[in-house]
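Pasting a structure here, questions to come.
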Amino acid sequence: MSRYFKAEITENKKLNNDCNLLTFVPFRKPAEPKPGQFFMIGMEGDYDPLLKRPFSLFRRTQRGFQILYRIRGRGTSLMRNLGRGSVIHVLGPLGNSYPMPPEDHAPVIVAGGIGIASVFSLAERLAAARNKAHIYYGARGASDLLMVGALKKAAKRLSLTTDDGSCGERGCITDMLSVFSWGASSERNTVIYACGPRKMLETVAGIAAGRGIEAYVSMEENMACGIGACLGCVVKTVSGHKRVCKEGPVFNAKEIVW
Amino acid sequence: MNLSVQIGKLKLKNPVMTASGTFGYAEEYSEFIDLNRLGAVVVKGLSLTPKEGNPPPRIIETPAGMLNAIGLQNIGIESFIQEKLPFLKRFHTPVIVNFFGDSIDEYAEAAKSLSAAEGVHGLEMNISCPNKQAGWRIFGTDPKVTFEVVSAVRKSTNLTLIVKLSPNVTDIALMARVAQDAGADAVSLINTLTGLAIDIKTRRPKLANVTGGLSGPAVKPVAVRMVWEVYRSVKIPIIGMGGIMSSDDALEFLLAGAAAVAVGTANFINPRATIDILSGIEAYMRDNRVTDVKDLTGGMI
Amino acid sequence: MNLSVQIGKLKLKNPVMTASGTFGYAEEYSEFIDLNRLGAVVVKGLSLTPKEGNPPPRIIETPAGMLNAIGLQNIGIESFIQEKLPFLKRFHTPVIVNFFGDSIDEYAEAAKSLSAAEGVHGLEMNISCPNKQAGWRIFGTDPKVTFEVVSAVRKSTNLTLIVKLSPNVTDIALMARVAQDAGADAVSLINTLTGLAIDIKTRRPKLANVTGGLSGPAVKPVAVRMVWEVYRSVKIPIIGMGGIMSSDDALEFLLAGAAAVAVGTANFINPRATIDILSGIEAYMRDNRVTDVKDLTGGMI
Amino acid sequence: MSRYFKAEITENKKLNNDCNLLTFVPFRKPAEPKPGQFFMIGMEGDYDPLLKRPFSLFRRTQRGFQILYRIRGRGTSLMRNLGRGSVIHVLGPLGNSYPMPPEDHAPVIVAGGIGIASVFSLAERLAAARNKAHIYYGARGASDLLMVGALKKAAKRLSLTTDDGSCGERGCITDMLSVFSWGASSERNTVIYACGPRKMLETVAGIAAGRGIEAYVSMEENMACGIGACLGCVVKTVSGHKRVCKEGPVFNAKEIVW
């Protein structure tokens, strides 16, 4: 049960133009991850790129883990080329996790773009706990909406938006969230979980604060160590700088200084 | 096989230490390695009062390196002594505390209060952080100021005193001599090289602090050269660091003149880096019939 | 789209130049690129008399970089004028000659004889080679000596005079100001950082010359930072270099304050690097509606 | 006919523990190489390793080229992992080549270890010109003697040595060369071509000088540009420093200052 292990890639599946689903199997028994936690992943090779990259747990499989990643820069571009059998170095699971809602609370999940990677396992966990979430999921276009089938199954209700209207409603997922009416009584019994671009999280935090709803947001910052040692990944909170990799990545939205 | 080295009054069981700021307060790494196996633990830089540090983003990767601008965020000496030191005392590895001040008096006072704490075995004074303002940097770049501040600290502590040198100078050997003359028991080098990275899309610096400190394999050739230059001009031991990723790298520093080495950025890539490096040094000594690690120091021919 | 930039009296058609010592006498690369497309060609450093340079090995790779200790091997100014310049005259790209001397007089004399040669459009004086002895290095590290030698050269030439600065100094902005005050039309930076690599098997330095100069992507953050520091303290144009591999890198230098850029080590990895970088700058300008490349200089916000 | 091109790897065959045979096919028509010339080969990826690596032309194939390489350090270790379909960046063919012997001269080839990579195509060229060489080939052990079958075909005679005597004679290939008697008259009509460790080349040069035989040696030096621009790859010759990548890699043994 070590949090530092080598793993073998068993699949690196292209989902659309810029997103892949990577499945890896650790060489030895890893610790059990919780929804919201993440891994630091490093590739074999020499010292460029140097640092490991953080990716959320997407799903636990029988023998290993999956991450859903978007090709962004140097690291993920190289990651895209990794074939079956390639070896990666993994640190994790790391960070805290999404707190499960009290049984009488209705969970609402808000995902923007690749943010779906982090909340997907929460949705499945909630479904398993018979407290399915209402999932709001927005992306640029239809082809960027990933895993919609599985989400439909895991959700009480799935609301989709795209920037171009190619699927679901046209517009921002937070627009949809803000006009939605839970009714005064249920609001108090709602918990929001959100992952996506910082702007989206800020809007979600605003909506939640306005309605007096508890909201948890998963934050991103550049990371070096992933385990709280370098102080590289802090975000500003009402009680000072906090480490995304240690006190986070999930924060109560009220804590963050946007 | 003798791996022990002497740094001032401290006898280390082996020459592999951690580099300040890259190993937290050691607790973070205790899950991955046996802290008892380290030559010494050097903790994140401390100051008299807690510091918030710089706003994020604080780190950014560069080719074979990284820039950081943590801004010396720390919990302050008092909290360290109360909250972190007890854990470290459970190990029989010497604890070296890296610290800094914003004035000569602060440096001296910090040294004094750390020296009073049981469980602190040595001090490393950071006069070389590139993330402080230009005014602060003279502690590590102006020989006269360096002499003053090191002398003041020397008077405030009986603990082994290591002075951490900046590579952002014309003549690092001179800076080392100054530290030696002011009473340092050892020098450590290099701290990070000042660097800047710009996001060409936003046209803004990638770090909120604008500049940051470059570390990692990219800087190794510069660091090894500086250790070699310093080795030829001081008598006190040198703790070499800067881009050490493997035992081969560590051995380069020893051969260039380091008595001990510190592992920094490598901890982020491999949390077991220190231990792997130690094993590699042992293997090298075995293969090359080196019975005392001290025989490697300055062994470049 | 206006790509032209002014360096002293020279109007370059675009800001992409070659870095001295990495492009030979340009002939070597003429098979791979159209030399007419370059902003300027800067040739290998020349001296009054031919030099044998250092014994091999002269280069060694380091993480994301390389160390070189060529030792300024060159065919001498006379042979250059007779054997190499005629080829370069066939192109309408300005030729900037990098040169050095072993004394102030030699510098001045070299500048004079180069200025007399038809087809030499500008001079870049190298006061910053890390592969020369410590005694020589004061040309680029001691402000007083720098002032003297630049002043002497200034009196010997009417050509555009670029002074190439060393990064191995505490305060590069100061060095740039000194060069400016002594009459330089522009400064170029950075030359290589002094480094050392040791072969742990043989315990010998990997370069016959012991130390060498570090170049390539590894040094880019240091170079960008220095350009930015210099930009804020001189009025003359800056030619930025150090690890430029792509147009993104080149744009970083422009945004940091460079008026033009020079491509060095990248030529070894991709002989078409200069042209690819030029195309990339053009594409960036198009995408970002920048109509004049000069508007990028110092554009970091 | 460009000397800078991308190429696709069609095979990367393991020959023994530390040597591979790499076959690559250029994306566009390259220049025709001659025996003794070399390529600078770079891999896709980021900036570590940075520089291209020099490798001799081993053999021209119908559609591409082959190099025979020994896994030595960082670059060749990564090269070993390149699969079919991987893309490399190639500069070359570069440098001069082995001068063909006059028709009435008997060629002698001396190869030490991986030095065989450089002289193999010369041996085949000589065979094609009906002037087969006597080939001396030494390596550490039997498994390090590569392509022996093909060499046998291309050689007038093949003399093998190994350090451990596991194949051919035990000892150094130069020991064998030095005791061999060509007879006074034929010596003048012999040309030696040698590639291998520097010590071996020096010994060959000594033997050749002692007997008044012309000898050509292929030299190695660390390289950056490969095209004569950086002055990084010089060797000391009787007429000053000369570039291995431009004036070499093949030098008349008399020229070299050993």
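Letters A, B, C and D mark the chains in the order given here, with residues in each chain numbered from 1 onward.
One rule holds in what follows: a contact is a pair of C-beta atoms (placed from the backbone, for glycine too) under 8 Å apart; a residue touches a chain by one contact, two chains touch by 3 or more.
Owing to the predicted nature of the structure, the values given are computational and were not obtained by experimental measurement.
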Assembly fragments, chain B aside and the remaining chains unmoved: one piece
More contacts between chains, A-C or C-D: C-D
Cα-centroid distance, chain A relative to chain D, in whole angstrom: 54
Centroid spacing, where centroids are CA-atom means, of chain B and chain C in whole angstrom: 34
Rounded Å distance between chain C and chain D, as computed from the means of their C-alpha atoms: 36
Whole-Å gap between the CA centroids of chain A and chain C: 47
Per-residue multi-chain contacts in chain A, two or more chains: 46-49
Multi-partner residues of chain B (at least 2 other chains): 63-65, 216-218
Topology of the chain contact graph, where touching chains are joined (line, ring, star, complete, other): complete
Residues of chain D that touch chain A when the two form their complex: 45-49, 74, 78, 83
Contact footprint of chain D on chain C as seen in their complex: 21-24, 28-29, 31-32, 44, 52-53, 55-61, 63-66, 68, 70, 73, 216-218, 245, 265, 267-272
Contact footprint of chain B on chain A as seen in their complex: 2-4, 42, 46-52, 89, 91, 221-236, 240-241
Touch list for chain B against partner chain C, complex: 62-65, 67, 141, 168-171, 193-198, 200, 202-205, 211-212, 214, 216-222, 224-225, 228, 243, 248, 251-252, 255-256, 284, 299-301
Residues on chain B engaged by chain D in the complex (per definition of touch): 63-64, 217
